[in-house]
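Below you'll find the structures, each written out as structure tokens.
Both of the next two complexes hold chain A, though its partner changes from chain B to chain C.
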Partner chain A sequence: MNGPLVNVTDLRVEFPSLTGPDVAVISGLDLAIEPGQVVGLVGEAGAGKTVLARSIMQMVPEPGRVTKGRAELQGEDLLTMSERRLQRVRGARISMITANPRGELNPLLPVGEQIATMARVHLGQGRKESRETARAMLRKVQISDPDRRYAAYPHELSGGMAQRIVIAIALVCGPQVVIADDATSGLDVTVQAQILMLLRDLAREQNSSMLLITRDVGITAHVCDRIAVMHQGEIVEAGDRQAVFLRPAHPYTIMLLAAFSHNKRLRALWSHADADKAAPARGEQACSYVGRCPLAQARCRAEKPMLRMIAPGHEARCHFPVVR
Partner chain B sequence: MSGLPKFLLRRLAYLIPQLFGILLLSFCLIKTIPGNPAVLMLGPMAQPDSIAALTKRLGLDQPLPVQFLIYLKDLAHGDLGTSWQTTRPVLSDLIDRFPATIELVTFGLLVAILIGVPLGILSAMRQKSVTARIAELYGLVTGALPDFWIGLLLIFVFYTILGWAPAPLGRIDIAVIAPPTVTGFLTIDSLLDGNLDAFFSAISHLVLPVLTLGLINAGPIMKMTHSTMERMLQSDFSRFEVMSGLPRRLVMRHALHNALPPILTIISVLYGFLLGGAVLVEIVFSWGGAGQYAVQGVLNADIYPVLGFVLFAAVFSLFVYLLVDIAYFLLDPRIGR
Partner chain C sequence: MKKLVEVVGLKKHFPISGSKKVVQAINNISFHVMPGETVGLVGESGSGKTTVGRCLLGLTDVTDGSILFEDQDLAGPKVRKKHLGDLQIVFQESMEALNPRLPVFRSVEEPLTTLGFDAAARAERVREVIDRVGLSQRLAKLYPAELTGGQLQRIGIARAIVTRPKLLVLDEPTSMLDPTSRADIIELLISLQADLGMASLFISHDLSTLRHVSQRVAVMYLGMIVEQGPAREVFGRPRHPYTVGLLSSVLLPNPDLPRPVPVALKGEIPSPIDLPTGCFLASRCPLAIEQCRAAMPPAHPVGEDHFVHCIRHEALGHSDEMSRVFDAFERETERILSIGARTN
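Let's turn to the complex of A and B:
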């Protein structure tokens, strides 16, 4: 196959504002996912991570809208796709897992049926066959006593169990890409790790790519091949896991990593940065991080930096990247 | 369905205290209405001592709690008292009249459901569409217009001008022989009797009052359907279904399934409410139903018909609520298990 599996280019998503012109929550965003790759997308709350995920699914939350750019799946733009065709792509070729598994499940339908429905709709299976598929999927997501759990209702399940069901629904049709948007944040820490490993293993087994969206940098360190750091609707740094973790170049990435450090003094750096959150207007003419950047210089206020390569496979959106 | 009998028993256990409470409350309320029935019964020329004698004979000189206990004792023997206006036992009066009201209200509610539910679903499906706007306007109009006025309008158009509907004088044509009473519902009794003339006459008399009730009460049903459907369609599970590529029809069906309990609730509340609430429509169409009977009782200090009506209506409402509870139980696996 030539070209990336998912290719988001120059994406711009705007939300209307009561007081002024529309606000770009995502602007000029590029993101590529190769087949079989696990890409971690990190950034603080409000960076636009979820809006990005929903844009790829063509489900931008109201009243936002995509005003520019493309989001391609194998060269086919999802943003201009007809509703009918989208219906066949969603769940079958791209699926999504979010943070609130119990809310995602239909409360009045046995969970096994909800998995089987996917097999009937997307794989064209019959009643009996789809039930078998669902049972097999329950075993795959390591639910104990799958025959009994098939008939269980969502309210009878724990959060972790519900998330396994959601994963089963998302993966039962063998999608090419799974978007996990904060998929573990509602769970216990120990369960988080289990779910994450399960998700990674299943994705690997099916040769699915994965976009793992999280606020927790630690999570990405374990499972991702590639990391993209998002800040105020832009990718500020992207690179292989090793490169980003060992040689972070953008001041924001450094701050973010410091925030998750075991070293108290490093963590203090973040709280200082956070206190100084007087962010610049999401204007076009300055670096979006300039208000919080400890290394900001005059040029950062005058000229918006572009995402540029600082080492092979490692990009940063900064005029003065930290290079060691 | 192993939990259903237990669930039902628990619900039934509440029935007796609920009925007792309703009776006690309505007894006290009705007794606060001023006016001595003895005075009304004997007329303006009565002597004070004959009024006193009748008051004593009716037990009205007893303290209130004693009167209530006497009423309860009679009730236990199936005696709901006597209406001084009709001079007949309240029980047989109500058995004559209650089915008329229930028949009217049931058909009216069916029409309301047939209008309200689909309109609510359609307007929730397509926000800001023409259908949604029409539905919104419709809800506003039904909330603002009184039902008797709609009834009069329908009579004016379909009886006076067009002459399609029969005269608004009761439940059946005077010239048609009414079928023997089995259920009290003329439509059913005439069919049981094989009397098609009576059946069509009953139906034609039902059309306008039923339409009146249906058109008005479709409003709240439509609004409830619209708002719950809208909420369900915006909920996380509907979004996840769309995100999983399920066909729109399936997403709608699942949303409707989840929206049904609140819709059922408003329907059951309307059902109980309309027994008395349809009284203006009953009057406009000279229906001779239980609501009219009760209102006559209130106006003439004739308390036993009123109490009897309250009792009948309460039993009926509680029965409807019980059915709704069973429906809930069957619809929603989270309830009562």
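Let's turn to the complex of A and C:
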């Protein structure tokens, strides 16, 4: 196949503001996911990661709206697709897993039935066949005693177990892309890694691509092929995981890594302790990180940097990237 | 030196309404905190670590056992009252811990009102702690909804230290924060402790933080302390399979480093309602043998001031691979951070 599986280009999502003009939560965003690739999207709370995921699914929460750009799945724009057609795509070709598995499940329906429903609706399976599919899926997500669990209701399951059910629902139709939005943050630490590895292995097995959105930078270093770093609605650095974690170029990426160091002096060099995080550099003309950047120069306030290549397969949105 | 806090045989059971069963949140734990010391209490959610903190503060009564503060039982008449302000707590969610209808400085002031300070002394102390936690006085006049997560947590800390406590209980103070704010808050807590000489009980599931801040750690699982000892020892050469499992779940942001160790725990923490006889970890432990299910393992000393509740700790062996991975990460990260920084 030529071209990326998912191709987001020049995406802009705006939310109205009570006090001023509409606020662009995402602007000029490009993101490509190749077939079978696991892409990690990292950044702090408020960077726009979830809005991006929801834009791809055409599920931007009201009153936000996509005002520009395309989000293509195999060349077909999802943003202009009819609702009717979207319903055939969501769940079947793209699926999503969120942080709150219990909120995703129907509390009144046995969990096995919820998996089987997907197979009936999207794969056209009959009652009996879909039940078999659901049971097989329960085994795949390593739920013990799948026959008994099939009939369980969501409230009878632990958080980790409920998340396994949601994963089963997301994967049962063999989607081309799975978007996991903070899928493990509600789980215990010993379970988080377990679930993510399971999710990645299952996705690999059926050759699904994955967009893994998380605040937990550590997880992405071990699970993802490619990393995109998001800051204030823009991708500021992207590259394979070796490049981004071992040769970070954007001061923001370096600051995120510095948070894991216990070396106070080095942390201080990369973080602007006095900078007010809530106050972004407004206006399109400046770099969005200029207010917090320890390397900022006059040019950073005057001219917005573009995402440009600094090494093969490694891009940064910075006038003065750190070169190693 | 005299112990500041000593917990002996603490138990806490919660009744379940309409049932004779109880939730065994804490099952016979003992530990102590020396003055000025930081003790880390680590475990998954459901392990009972928050309940330990709440028992210390008197926010919930205890089922059995005793909590001594400066050698006096806090359950004794008037003892709790005498030590009002000596024990303080910082909650996980400051947004929920603060009154949404009060400007935050009022919340910081409240403990002083309870202790009977006059208005001038209160204002003075509040100003001082707001400065100390690194917030501007202007921010202190705002309401909780107007502050960011990091700022709120600073207010939570200010409110706790305003009485100049001898013991600070920190209940997951950073788990709701971004990594960047988390690092700032940890740094603040360390410097506060150095300046004010408080002891603290740092409750967290974040092992890399605890490894850094605490002198001693106690690892909790299903209401029991399964391993307890000096932080360097417990994290460097863990002797309990659960500690090893916890450590191996830490993923450091460096793709070249291996995950600390391959001893992974199976499944999830069981319900604390019908606890098995024998070792609570047996159902998840890769080393479990028949004997593990027969009786609760007693404490084995495995080093100076280092105890482990496991009959298989010798089978587990002990390597310092984990500390090597942590240290390698720290070194490698320092190397990465050293490049390109402006050091004027």
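Worth pointing out:
As a convention for this text, the second predicted complex is superposed on the first by the 303 of 324 C-alpha atoms of A that agree within 3 Å, B and C clash if a C-alpha of one lies under 4 Å from a C-alpha of the other, contacts with A are read in each partner's own complex, and residues count from 1 in each chain.
FYI, contacts are C-beta pairs under 8 Å (C-beta built on N, C-alpha and C of every residue); 3 or more make two chains touch, one makes a residue touch a chain.
Because the structure is predicted, anything quoted here is derived from the model rather than measured.
Set against each other, chain B and chain C touch different numbers of residues in chain A, with C touching more. Shared-chain residue A:L257: touches chain C; no touch with chain B. By the document's definition of touching, of the two partners only chain C reaches A:V189; chain B does not. Residue contacts after overlaying the shared chain place A:T220 against chain C, while chain B stays out of touching range. With both structures placed on the common chain, the touch criterion links A:F15 to neither chain B nor chain C. The touching residues of chain C, when paired with chain A in their complex, are 44-46, 148-150, 178-180, 182-184, 187, 205, 207-208, 212, 245-246, 249-256, 259, 264-265, 267-269, 329-330, 333-334, 336-343. Those residues of chain A lying in contact with chain C across their complex are 44-45, 144, 158, 160-161, 188-194, 215-222, 241-242, 245-248, 254-264, 266-267, 269-271, 273, 277-278, 294-295, 322-324. Within the complex formed with chain B, the chain A residues making contact are 57, 59, 86-92, 95-96, 98, 100, 103-109, 117-118, 121-122, 153, 155, 166, 169-170. Contacts from chain B toward chain A in the complex involve residues 235-237, 239-248, 250, 254, 257-258, 331-334.
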